[in-house]
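Have a look at these structures, which come just after this line.
Next, two complexes with chain A in common: one pairs it with chain B, the other with chain C.
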Partner chain A sequence: MIDLVALLLDNTLSLIIVTPLMGAFVTELVARINKKWVFPLALISILVSSSFAFLLASQVYSGGVVSRAIESDNPAKLTVSLPSGSLLPIRIILEADGMSVLMAIIVAIMSLVVIIYSRKFIRKKLTLFYPLFLIMVSGTYGMMLTGDLFNLFVFIEIVSISGAGLITALDRKRAPDSAFKFLVMSTIGALIILTGIGLLYGQYDSLNIAFLAKSIHWTFLDKVAFALMLAGLAMKAGSVPMHMWVPDAYGDSPAPVSAFFVVGSQASLYALFRICFSLFGLSLNYVTAGWILIILGVLSMFVGVTMALPQKDIKRLMAFHAVSQTGYMLLGVGVGLTVLGTPAFAAFGFKAMEGGIFHVINHALYKGLLFLTAGAIFYATGTRKLNDIRGLAHYMPWTTVFFMVGAFSIAGLPPFNGFASKILIYESVYAFNPVLSAIAMLVSILTLASFIKVFYSAFLGPKPSKKPKRIPHSMLLAMLLLTLLILFFGLFPELIINNLIKPAVMALVNVSAYVGVFSGV
Partner chain B sequence: MFEGILWDPIFFLWLLSLIAVLVYLFGRLWNNSYNKGEQVEPFLSGNEEQESNYPHASDMYWGFTEALKDYYVSMKEMHSNVVNDYVYWFVVVLALTMLVVVVS
Partner chain C sequence: MLVYITVALLIAFGLYAIMFKKNLIKIVIGINLIEAGVNLFLISLGYIQGGYAPIYTLAPEGLWKNMVLPTPQALTLTSIVIGLATTALMLSFVIMIYKNYKTVSSKEVGRLLSD
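And now, the complex of A and B:
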């Protein structure tokens, strides 16, 4: 028994990824016998992987970084001879520090909430939806826990392909077109990233991020590789002007998938931050890279919110807001990167990064909640068109409250969690450049205006003549869980910042420590 | 950043609760003659409120979008729904990023 516990503790990193992956295949097989077992099996897979994620978090927060190399019993037998004469062991390297574990917590929470919500929402194509969802969860965990660039590419592809399948899970009219666009953009983005990885591998004979970080000399090819990876990952994160796939993919996929897509995009954002800090952090021109992130961030914030305002489809509107909110994260982290290594970093750069990273987890919670409320509206009324719905508050009081919490939070109103991260971004970015801070505040005002429109048209007004369908308890429970987390994060921001956000920012900015710890794996 | 009482969310919560209680108590002072009925109904231009009278979502912020018409026309052209254009913008950003990174 003790051996089993020790074995589980030793292999937490791999089990987080393997559990949902195995769950996907088992679910598909079991579905051939009895479809009633599909949901319980999927739920168990998510419960187990989420438990492992929280276990990993406790390991990292109590004992520092965790790493694991999956390789043959006799590594000497499984090597490739390189032209340089050195032997490269074939293995998979997984690693977790404060940043990756924060992202794993986000996946754990959101996958759990989404699967609870899906129980009643997904009533057909169960054998398509649940295995694909589990594969996507596995790929997302993989992106956050890998220490190897090629595996990062593989996990990006897993998330993209499963995501495209999930978009079309329920809708066969508009969704296939959106899935096709998503797949085209994802494939092109992934190939561009792979080209960048190839340029590094060709020069340094390694794919280990930490090993590469200390080897990179910032040659011409390194610069090209950095630009390729940055553009590819920024596109995958939904940054303007490469965001056009976002309203299609988020808008036409089933609501629980849209909620998890937010996490998928954040996985790309995480990879982008890893590339900027952990991979190129010892050699990069911080000012150039930081300003690229800032410009992409400001464009995303402004274009995203202004495009959201005239939307008539509730999910497309929310998708444009997802683009806009990504801008805040890019702005916060971009400002931190620009002043990294200067006295200004201690003055406001660290706070800016805290704000940006805190906004990642806050955004996952409130945007996830908003997509789930949009799904509840669709479930109850059968439409996503704002012009066709009104007066829902008469019949859906709980959904109305959940929507208000999500809307207040995304608009950055106190005391919700969006306020906590946005105030950090406003104050620190103001010290860097007041104009950028003013734009960020203006975007928040427009965000509030946009959600007032949704609230007024969908929830207020006279009682609708056609009574909407009753929302199942499982869907309400999922929304309630996110609402409670939003309130908790908003009421106790210092607790979250000190215990989750600070270690994440430290893991990103302390590049020498990252290289020192992980290059020896 | 959250050390000061100004940004303390718990303080906000207490303050809002206190205001809510005061408003409730203040309201109770004069509402003995309050007649629940048409006083709580929304008033829309003297007509009885009906589902068909209720403004649509697309009617909202008409002035805002009209004032920024040129911006929205160009934005709609940019969001063409054609995947070739999506790739075009990606290539533009990739080229610009590469140029800036290599030159710097």
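And now, the complex of A and C:
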């Protein structure tokens, strides 16, 4: 018994990824016997993988970087010694530090919320939803926990393929177009990343991030590889010049899927930060790379919000806001990267990165909540067009409250969590460059304006003549969970920053901890 | 050198098809061309002129140093399988689009979608 517990504790890293994957295949088989078992099984595998994620978080926070070699009889042994005496990394390696664990916590929370929400939202006979969703959860975890570049590519493709399938889960009319566009864009993005990975492999004979970080000399080919990977991941994260798939994919997919797509995009953002800080962290020209992130960020913020203003479809509007909010994260982390290694980093760079990373988890919570309320509106009225819905507050008081919490949070009003991270970004970016900070504030005001428009037209006004459908309790519960988390994060930001965000930023900045798993190499 | 020229040409043809062709099936073919280019690039990384397959029992005794690198081959195989999955999924989306609009031209579909 104790052996079993020790074995489980030893292998949390692989179990997080394996549980939803196993769950996917089992639910697909079980669906052919009895459809009633599908939801409980899916819920159980999500619960198990989420608890493993929290377990891993406690392991990392108490003991530092956790790494495991998979397909090995001795998982702690990461290297093989050559006859010449040098050590070489072997096998596929999973590796988790503060940053990956923070992202894993986001996936754990959001996958749980989304699966609770889906119970009534997804039609009973549509059992294919659950296996696909579980595969997507597994792929997202994989992107965050892998220490191997090729596996990163494989997990990116797993997320794209299952995500494209999920877009068409409910809607067979408009959704195939969006899914096709999404799949084309993400395949091109993933192939660009793969070319970059190939360039690195060809030079250094390894795919391991930690090992490569030590060997990279920043040659011309390395610069090309960095540019390719940056472009591909920015495309997958939905940053501005490559954002055209975002409104279609987020807008036409079922609401719980859109909520999880936010996490999927953030996984790409995580990979982007990992590439900038860990893979090229020892050799990169910080100022150039930092400014690339800042420019991408400012463009995303501004273009996203201006495109959102005229939207008539509630989910497309929210999707453009997702692009705009991604900009804040890029801006915060970009400012941190620009001043990394200079005295300015201690003055404001660290704070900027804290703000950027804190915004990642806050964005997942409030944008998830907003997409779920949009799904509730769609469930109740059968339409997403803002012109066709009004006066919903008369019938849906809870959804109204949840929407207000989400809208105030995304606009950065206190005491919600969006305020906590945005104030950090404003403050530290102001010290770096006041113009950027002013743009960030202007974007926040435009965001507030846009959401007031939605609130006014959808929830206020005369009673609608047709009574909307009642929202099931499971959907309300999912939204309530996110609302409570948003309030908690907004009221006790210090607690979250000290316990979750600081270790994540430290993990990104302090490259030697991540690279150090190969102490002998 | 010839390999890299082929890789560049394949990727260029693929990008051309994706950017300038309106037929959705041609776009899928373009993506397949890019995939082929990237796969060729990967496999060429570990290739040795006149080398043997990386199986100990098949390579002649003493010539093990002439075996080609196995890792790029594993990567390429994985990449081919992923490519198969994306191609199949994309083609099934094209079928769904054709059923809805009775056309596979992205121009026509775009016009139908705008109203």
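One rule holds in what follows: the second predicted complex is superposed on the first by the 496 of 521 C-alpha atoms of A that agree within 3 Å, B and C clash if a C-alpha of one lies under 4 Å from a C-alpha of the other, contacts with A are read in each partner's own complex, and residues count from 1 in each chain.
What we mean here is this: contacts are C-beta pairs under 8 Å (C-beta built on N, C-alpha and C of every residue); 3 or more make two chains touch, one makes a residue touch a chain.
None of the values given here were measured: they were computed from a predicted structure.
**Q** Looking at A:A179, would you say it contacts chain B, chain C, both, or neither? Reply first, second, both or neither.
**A** The second partner, chain C, only.
**Q** Scan A:G202 for contacts with chain B and chain C and give back first, second, both or neither.
**A** Only chain C is touched by A:G202; chain B is not.
**Q** Spot which of chain B and chain C makes contact with more residues of chain A, would you?
**A** B
**Q** When the two structures are overlaid on chain A, which partner does A:P434 contact: first (chain B), second (chain C), both, or neither?
**A** It touches nothing on chain B or chain C.
**Q** So, A:A234: does it touch chain B (first), chain C (second), both, or neither?
**A** first
**Q** Let me test your reading of the model: by the given contact rule, A:I188 touches which partner, first (chain B), second (chain C), both or neither?
**A** A:I188 contacts both chain B and chain C.
**Q** One more residue to check, A:G461. First (chain B), second (chain C), both or neither?
**A** first
**Q** Which parts of chain A are in contact with chain B and also with chain C?
**A** Correct list for chain A: 180, 184, 188.
**Q** Please name which positions on chain B make contact with chain A in the complex.
**A** Residue positions touching the partner: 1-2, 7, 9-10, 12-13, 49-51, 54-58, 60-61, 64-65, 68, 71-72, 75, 78-79, 81, 83, 85-87, 89-90, 92-94, 97-98, 100-102, 104.
**Q** Considering only the defined contacts, which chain A positions touch chain B in the complex?
**A** Within the complex, chain A touches chain B at residues 180-181, 184-185, 188-189, 192, 220, 223-224, 226-228, 230-232, 234-235, 241-242, 244-245, 247-248, 285, 287-289, 292, 303, 306-307, 309-310, 312, 351, 386-387, 390-391, 414-415, 419-420, 423-424, 427, 449, 453-454, 456-458, 461-465, 490-494, 497.
**Q** Taking the complex as given, what residues does chain A use to touch chain C?
**A** Residues 150, 153-154, 157, 160-161, 164-165, 168, 172-174, 176-177, 179-180, 183-184, 187-188, 191, 194-195, 198, 201-202, 207.
**Q** Give the list of chain C residues in touch with chain A in this complex.
**A** 18, 24, 27, 31, 34-35, 38, 41-42, 45, 71-72, 75, 78-79, 82, 85-86, 89-90, 93-94, 96-97, 100, 109, 113
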